[in-house]
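Everything below concerns the one structure shown next.
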Amino acid sequence: MDKTALIVIDMINTYDHKDAELLLPSATAVVPVLTTLLGRARERGAPVVYVNDNFGEWRSHHGELLDRALAGPHADLVDPVRPDARSLFVLKARHSIFFETPLTYLLHEQGIRRLVLCGQVTEQCVLYSALDAHIRHFEVIVPRDAVAHIHQDLAEAALLMMERNMGAHVCASRDLWR
Amino acid sequence: MDKTALIVIDMINTYDHKDAELLLPSATAVVPVLTTLLGRARERGAPVVYVNDNFGEWRSHHGELLDRALAGPHADLVDPVRPDARSLFVLKARHSIFFETPLTYLLHEQGIRRLVLCGQVTEQCVLYSALDAHIRHFEVIVPRDAVAHIHQDLAEAALLMMERNMGAHVCASRDLWR
Amino acid sequence: MDKTALIVIDMINTYDHKDAELLLPSATAVVPVLTTLLGRARERGAPVVYVNDNFGEWRSHHGELLDRALAGPHADLVDPVRPDARSLFVLKARHSIFFETPLTYLLHEQGIRRLVLCGQVTEQCVLYSALDAHIRHFEVIVPRDAVAHIHQDLAEAALLMMERNMGAHVCASRDLWR
Amino acid sequence: MDKTALIVIDMINTYDHKDAELLLPSATAVVPVLTTLLGRARERGAPVVYVNDNFGEWRSHHGELLDRALAGPHADLVDPVRPDARSLFVLKARHSIFFETPLTYLLHEQGIRRLVLCGQVTEQCVLYSALDAHIRHFEVIVPRDAVAHIHQDLAEAALLMMERNMGAHVCASRDLWR
């Protein structure tokens, strides 16, 4: 799969926000899956782009965000999936990875047309980002075991919406970068 | 309710697109509800903004779109909810009412901060538009009997997402502009 | 020149705005040049896109704008350059042809990569549109005899900026679609 | 002046790009002026927002950009105007400070309506940013001794354009935060 990027959404996280307790079990299950997927993507030289909330911190850059997350009580969910020296990084202020960020520009510039969306939250940022990617004519792949949810029922509906209405390919992470 | 606009999404329609057959029963139920709501909003002087797909027609304006829809086999679903002389009109090219349209600009310019989203399709354009409105800090109200769906299950999930994750107020149309 | 569109900026105009008196001599000189250029572009089947201010009228479409301009005292400046049945039309609310309009989407969708910018005002909308086109990686051509100015000195500087800093090709209209 | 932010454009710079030789004399003159202005703004508690090119480095954050600039031959032009612990920071990929950046969102969120634009280059990024600020209805102030140019003639024209066509207030830096 060339021209395909792995997009890691909101995994640099202190997990101290509203609903974090509901998210933690799912995030805990996703981290090892995503770790494996990151390893395979990096091995193949696929571009990895972290797109992460700035948590209202307009000063923050990925170093600061990462340091804070690694200093928190849930460092074990952050350390395995941290950016490496080649990772690209885009800060977002709101839900969608595309809203007022340079992501469209970055992806076009690098000739990336296909996005593997991973991270959290399935029925929120992942869903919204899948929509915004589809609107912009990117091809979207969502490995269902590499996205974490808060509400199981909404997550199931979100995956169905992505598949049925946004042309996304929902698959298992083991099918990617094999 | 001042500073509140009624937003009518994709109701100027020939209903000859994919999935139209699935949409028609729901749209048929929505038209009289929306007609009443339009009447009440107009009576109170609330701004009414039609935001409608251009159906790939970059020449089209609302006159042409309306003429075509009124000449089609489903004119009875279009005629009762047609724009009047005071209606505003914004063409969109993709799903969300905000994507590459002047809608944000128009709403800010007119001091409108609260949007009543009506029309179709609940689990598609209405959902996406509710999200994009929320991201832009508009207050969103969705009268559940004034939005039409293709798939009942996804529509239910969409309304739940709007309420739980996008801060939308989901209500009955009879509660608006009473 | 394939994949090249002729972009006609703000020529559907009643010329009753501030500074119109300063603009009229230049616009009067540009109209016959643009008429010839429109003829040659249409003959070759090049797409012609009118991008025009909505003059604050959110109801307006190109029919209404055109009718009003043709009913005004400067109809002679509008009639020769009016849209024909194949012309595309995009309404803008602010200076740049790209600001909160679907123009980027339309151009990408039609595979258009090169823009010939004509119309008015050289040191305002034409300059801003050239910049926004350059930022979006479109190739820009500006026929200097087909753009109208309010202030000669600023127009000269604007053309120099387009050429030197925005990678635009400034030429004579007779060199296009020969 | 409350609700006014000092915007520092592209001053974190290695000055090894095309035209840097032409820019250096003007930048050298601007640095002490901007240093004084920064001091006064910080003393008054005015928000200071650095908006800086990422120089094609999608990994970069302000720490990395700053380190690189301070390690280069023109560290003396960067050190006096470096961000402090309260400075906000926005990366841009293209000329305008608003193009695909979260700046509009940040400014609205912080209630900032008036922008003092400083830095470089007068007839390029400063001009384009003044335009994009004006289009978005921000009030713009440009202290003419705190902006650096490459070409004197175009810079003069650019300042005239900002004043005449973009409603900007062009002044002397000594008149700000007195």
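A, B, C and D are the chain letters, set down in written order, and residue numbers restart from 1 in every chain.
The rule is simple: a contact is a pair of C-beta atoms (placed from the backbone, for glycine too) under 8 Å apart; a residue touches a chain by one contact, two chains touch by 3 or more.
Because the structure is a prediction, the values reported are computed rather than measured.
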Check: Looking at where chain C touches chain D, is over half of the residue numbers used by both copies, so same, or under half, so different?
Finding: same
Note to self: Going by average Cα coordinates, which chain is farthest removed from chain A?
What the structure shows: C
Notebook entry, point to check: How far is the middle of chain A from the middle of chain D, if each middle is the mean of its Cα atoms, in Å?
Noted result: 33
Notebook entry, point to check: Once you find the CA centre of chain A and the CA centre of chain C, what distance in Å lies between them?
Noted result: 42
Note to self: I need the residues of chain C touching at least two other chains; which ones are they?
What the structure shows: 94
Next item on the list: Between the chains shown, work out who touches whom and classify the graph as line, ring, star, complete or other.
Entry: ring
Next item on the list: All pairs of touching chains, please: list them by chain label.
Entry: A-B, A-D, B-C, C-D
Check: Which chain C residues qualify as touching chain D in the complex?
Finding: 94-96, 99, 123-124, 127-128, 131, 135, 151, 153-154, 157-158, 160-161, 164-165
Check: Any idea which chain B residues touch chain C in the complex?
Finding: 49, 58-59, 61-63, 86-94, 100-102, 104-106
